[in-house]
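What follows are several structures.
Next, two complexes with chain A in common: one pairs it with chain B, the other with chain C.
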Partner chain A sequence: MTTAKTDEVVKEQAAPATPSDQRERDRMRRRLARRRGGGWWPYAFLAPWFVGLFGLTIYPMLDSLYLSFTNFDLLTPAQWVGMDNYSKMFADDPVFWDSVHATLLYVVVSVPLKLALALGVAMLLNRDLRGIGLYRAAFYLPSLLGGAVAIAIVWRQVFGGDGLFNDFLAWFGIKGQDWISSPDTALYTLILLAVWQFGTPMVIFLAGLKQLPKDVFEAAAIDGATPVTRFFRITLPLLTPIVFFNVVLQIIDAFKTFTPAFVISNGSGGPLNSTMLYSLYLYKKGFTDLEMGYASALAWVLFLVIAGFTAVNFIASRYWVHYDD
Partner chain B sequence: MSAITPAQSTKSPFQKLRSATGSRRVLIHTALIGVAIVMLYPLLWMLSSSLKPDTEIFTQPGLIPSSLRPENYSEGWSGSGNSFSLYITNSLIVTIGAVIGNVISCSLAAYAFARFEFRGKKIWFGLMLGTLMLPTQAVLIPQYTIFYNLTWINTFLPLIVPKFLAVDAFFIFLMVQFIRSIPRELDQAAMMDGANPFQIYWKIILPLMKPALITTTIFTFIWTYDDFLHQLVYLQQNDKFTVPLGLTLFLDQTSGSSYGAMFAMSTLALLPTLICFLIFQKRLVEGLATSGMKG
Partner chain C sequence: MGHQISRRTLLRTTGGIAVAGALGSALSACSGGTGAGSTSSDLTMIWWGSDDRHAAYKKALATFQKKNSKIKIRETYSGYDGYFDKFNTNIAGGSAPDLLQMDTALVAQYARKGVLAPIDSYVGKTLDLTGFSKTLLAAGTVDGKLYGVPSGIGVNQLTVNRSGLEKLGLKLPDREWTWADLKKIAQDVYKKSGGKIYGVDDGGGSTLQCFEVFAREKGETFFSDDGKKLGFTPATLQEWWEFWADMRKANASPPPAITSAAHNDLTKNAVVIGKALFSFDSGIYGAGGSITDAQLDFLPTPQGDWSGAREGNFVNGGVLLSATKASKKVADSVKIMSFFAQDETAIKDMQLLRGIPPTEKARNLIASGLTPTDKLNVENADYIAQRVGKATNALPAPVPPPQGADQIWDLLFQSNLAVAFGKKSIKAQLGEFFDQAEGALGG
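After this line comes the complex of A and B, so read on.
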């Protein structure tokens, strides 16, 4: 289809430059420059994304903000109630505070544990061992399956009264209990599930470790630095950009956790709201109780909290994240 | 096996120091095997429970069943009301639709971001990255009202159509990074030959970005297949249920009677993801490791 044109170009280049060729080439160059800008082309390629951005993100965000000041049950038109939803949330809704408590505890305990384990295992894997690919695969698999309902079902049974975990404890002569139905421990089974899925940050840590300059470690080893010193003085500082990346990602992820909380408590958030993670409460308010105005207010608070956490992370990162350049 | 491990033809003194101590190697292997057992044991337990008689699941802790009961699978499959085959069909429709949508819409957007200069590009790109961090819960309710007004509730459309609108910014980002690594000279040569930007996208960029498209396909498949929240919200009648929703029916009904069937269907439900994982293990791990790094 384009052969004729190609021939033409080849002929032009072979022939000595005449004024008309020069003009032709200038025209081509201008055309190239224009193409880089692309006129309306980039907008055509972005059209689906624009529709998605405005129709499914920006408009819904604004709509949600509006709904958060209304009583709205989906079936009848929204009624403006001002700040009622927000004041009810903070002053008059103990379940909201239960969910905040459960969620913060979940985030604050599971994220550091998960990242520490991910980094530890990545350090172990960061050497030329036989079967390293198999280990990596085995450690990553639970993370890939993690979001599945099936895994949450298994977890529910593992930590139930006659589940696998109690069998394990029995080996050591410890008498277990029903971890899922005790309000003191139910949330920790969810935390353990999150920690079990350390594979994603582990893979990212491993990729980061591979890129560290070897000569620095050699020099330190020759100078007699112990492995512990090398870890804290060299590995960790050089790795801070990746630690930061993982922290941001895992915090956002932890705030969004829904499936295991839903499955383990049968959608109730129980016992005694101990597994009422924020996303679950939002779902219940919006789709079980049809209090969509209130749920929109919950959604905006979640959005602001995550944005706040991320912003604080970015600001704090100036003080502890080291970049090469 | 491990492509991330750099080729080490010449060993430095430090590396010799590290690899020389054989006893440390044993120690490391022991530690890693220990972790691997803990990681995989719950999965093996599920598999073994799926083959045990109900009476044995919680009384006999070992992995090897004293008697096999494959009927768990047939009983779970016929389920109650609808057969599991219906849920699997529904899941397939949703996931295949989502994969096609993501591959098309995200690659189009990524090509625009990677190859064109246009007004406000930085702002649009920033917005795209911003949506990466936006929790889906924040827009769940207004999106629901939109689909409700379109009378799309209890259809697969709310699960598929958004994917055609490039809402999964993660994949746009991944593809932008990939396209940037494709030499621009190829586009320019095609342009000289008179190709328009769409032809360049279709005939040059798309075939060359196959690795990124495969990564997108696998992750979209697995994440959509496992996405419980949206399916729970949008699919309301049993005949539209997908695999995760079908599984939750066991939770409601299992009052101590059919644990074996529940584990059997849980095992089956994980099978597509497991197969994906076994086939694409290396690509999955690398796709993940690189996507976050180049930014």
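After this line comes the complex of A and C, so read on.
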């Protein structure tokens, strides 16, 4: 229904202009033509944006590309070393592979869990209950707090050896361990933290669910489709564009995760590099070990990997994302 | 090279814009005033430490400013976490502080990279180092030049929860003790406490206070004299890790989860959380909340009990005060260093907060005001300094750690942990350690 309505609006706008519209447009065109000669001032208004784009994005990016071929310790001039940083990374740096392993595991486990939870909660919140706004806010809250250092610190306390989580397990007679300082479980506490922050994709799912045509569901219900069938046969297929959008964004986000890993491991990526997420390793190399050239190379590899994942996502999307045209 | 210049120019330009912005807002904020004193003329000083140290620095600096009203000091302080990250970023961005508290472990790297200003030319003029011993000044000396004034004596010692020991009916070991004695008493702690308390925190990955002493007892150093290689053999490290594997097996040391949790976090140290009574981390004294009610004591790092064992303990310089080369106020910074080295009020304000004062005069000045624990700390340091001074078989004081040193310390810690968690055998980890350490030193 809503989509149909939007279409109508679009059609109205695209309808042939009335004579008075036409006159108005011509007047505009003439006015613009008159000003074309001395038209520098629009650029003046755009200048801050250009300064931002070139000074804060393009120049630093190209600079880091250059630095990735150098030995640069931040304090003395950079020395050209060619492909050394890249070859060292792949052939000669076990910590790099530790970080790749940790990051891939983090992405592969956290993104699907987070999206599944987001969709599940979005379905639950997609009703007309009293005080539903409050529930939505409550579920969204962790995402607002999520990036904060404070939450990561709290997480450290909760999953530490004498933390709340072990107190909780103790009720059931289970003796916990120090989840954060054991190499087998530390990464999963980070994943749990990521999954807990499902608010953003949830809100997007919720918006998507609101757009679904009600009559289709009504028809299916009348035909005897169970809620499960309706979910898998109607909701999910109709929602695939939204799912796709969330998948792409969440994968990019997960690859870039830094703060929780930094805070929870005290900046060490430990125990045994199990929480050495890629961004954390990059930061360590650049700012702690003063290997800014190497860190730049790491950054470019990350950039290419994210670009690659996104491209694959877009190609794969042709086979599973349905648009209603 | 051309690249470097363009970067600097750009940074300067953006810096200029930032300053202009700041000035603009400053001026508008105090419109009607006679023009604020330009903030850029202040001398910036940074340090890391505990709240107590911050308070002491501020108090001492206030005294300094009363006497030197022309030097305006802007103080910035934080914990150790991120301190050098921020310093590096400031240096690279052309906004280096003028004066900073420097780590003895890092001074050589920064000096060799040309970040720090040599201050030899001020010694005996505005920099009064009367009473500083040569070995102590070595802590701030890199390639023959002085780059920092040591604030105090640092020694390799264990911090002991003495009242905890006494509660278990155990006596504080003698200062002339060995690694075997350490093992024995640590095991006794576990037994007497009914398995509730391990003896000593796991030292297998602990570098400065621990393995370096052990290697020196074997006649080996941690880094080679030129700083380009490791100074110890795989056999020594193997023996070391085997000793600690044995300690863990005997419950003399805690399991790896406890050790791992304490990494970079003094508040999780096994002694601080009451899971051990001996710690190699001297930082826990004054940092741990839960041990404040315990009576602490101090012991030298144990001695080797094999034939031909040497004196392994040594004395270094606590923390340093250094000036940066880019600073235009090195002369003023040196005045402040001299003030902290000699001024009576400054010495009294700082107490033991930057280590045990470096001169006899300073130690006498603070002696009367010390807490009982502080007194024990000073006594133990004196004991070690004297023993090291008398030892005929001790190696010379270690060279300042080269670039990559902190990566190797971290590697040592992680390696010991990998063994402790059972992820790697000692033999396998040994190979990896030497491979990676050489890479870090070479690169």
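Note that the second predicted complex is superposed on the first by the 282 of 325 C-alpha atoms of A that agree within 3 Å, B and C clash if a C-alpha of one lies under 4 Å from a C-alpha of the other, contacts with A are read in each partner's own complex, and residues count from 1 in each chain.
By definition in this document, a residue touches a chain if its C-beta (ideal position, glycine included) is under 8 Å from a C-beta of that chain, and two chains touch if they have at least 3 such contacts.
Everything numeric in this text was worked out from a predicted model, so none of it was measured.
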- After superposition on the shared chain, which partner residues are touched by A:187: those of chain B (first), chain C (second), both, or neither? neither
- Message: Quick check for you: in the superposed arrangement, does A:102 touch first (chain B), second (chain C), both or neither?
- Response: neither
- Query: First (chain B), second (chain C), both or neither: which does A:74 touch?
  - Reply: both
- Message: Under the stated touch criterion, name the partner, chain B or chain C, that contacts more residues in chain A.
- Response: B
- If you stack the two complexes on chain A, which partner ends up touching A:115: first (chain B), second (chain C), both, or neither? neither
- Query: Between chain B (first) and chain C (second), which does A:55 come into contact with in this model arrangement: first, second, both, or neither?
  - Reply: both
- Applying the touch criterion given at the start, work out whether A:139 contacts chain B, chain C, both or neither, answering first, second, both or neither. first
- Item | Touching partner for A:277 - first (chain B), second (chain C), both, neither | neither
- Item | First, second, both or neither for A:63, with chain B first and chain C second | both
- Query: Common interface residues of chain A with chain B and chain C?
  - Reply: 55, 59, 63, 74, 160, 162, 266, 287, 292
- Report the residues of chain A in contact with chain B in the complex, numbered from low to high. 2, 5-6, 9, 28, 31-32, 35-38, 41-49, 51-53, 55-57, 59-61, 63-64, 67, 74, 121, 124-125, 127-129, 131-142, 144-145, 147-151, 153-155, 157-158, 160, 162-164, 167, 196, 200, 203-204, 206-208, 210, 214, 217-218, 221-222, 242, 245, 248-249, 252, 255-256, 258-259, 262-263, 266, 279, 282-283, 286-287, 292, 295-296, 299-300, 302-303, 306-307, 310
- Hey, which residues of chain C end up touching chain A in the complex? 1, 3-4, 7, 10, 14, 81-82, 84-85, 88-89, 91-92, 110, 113-115, 256-258, 260-261, 263-265, 268, 273, 403-404, 406-407, 410, 414, 417-418, 421, 423, 432, 436, 439, 443
- Message: Give the list of chain B residues in touch with chain A in this complex.
- Response: 1-2, 4-6, 8, 12-15, 17-19, 25, 28-29, 31-32, 35-36, 39-43, 45-46, 49, 58-59, 61, 104-105, 108-109, 111-113, 115-118, 121, 124, 127-128, 131, 133-146, 148, 162, 164-167, 172, 188, 191-198, 201, 222-223, 226-229, 232-233, 243-244, 247-248, 250-252, 259, 262-263, 265-267, 269-270, 273-274, 277, 281-282, 284-285, 288-290, 292-293
- Item | Residue ranges of chain A in contact with chain C within the complex | 55, 59, 63, 66, 73-78, 88, 92, 94, 160-162, 177-178, 180-183, 266-268, 270-273, 287-292
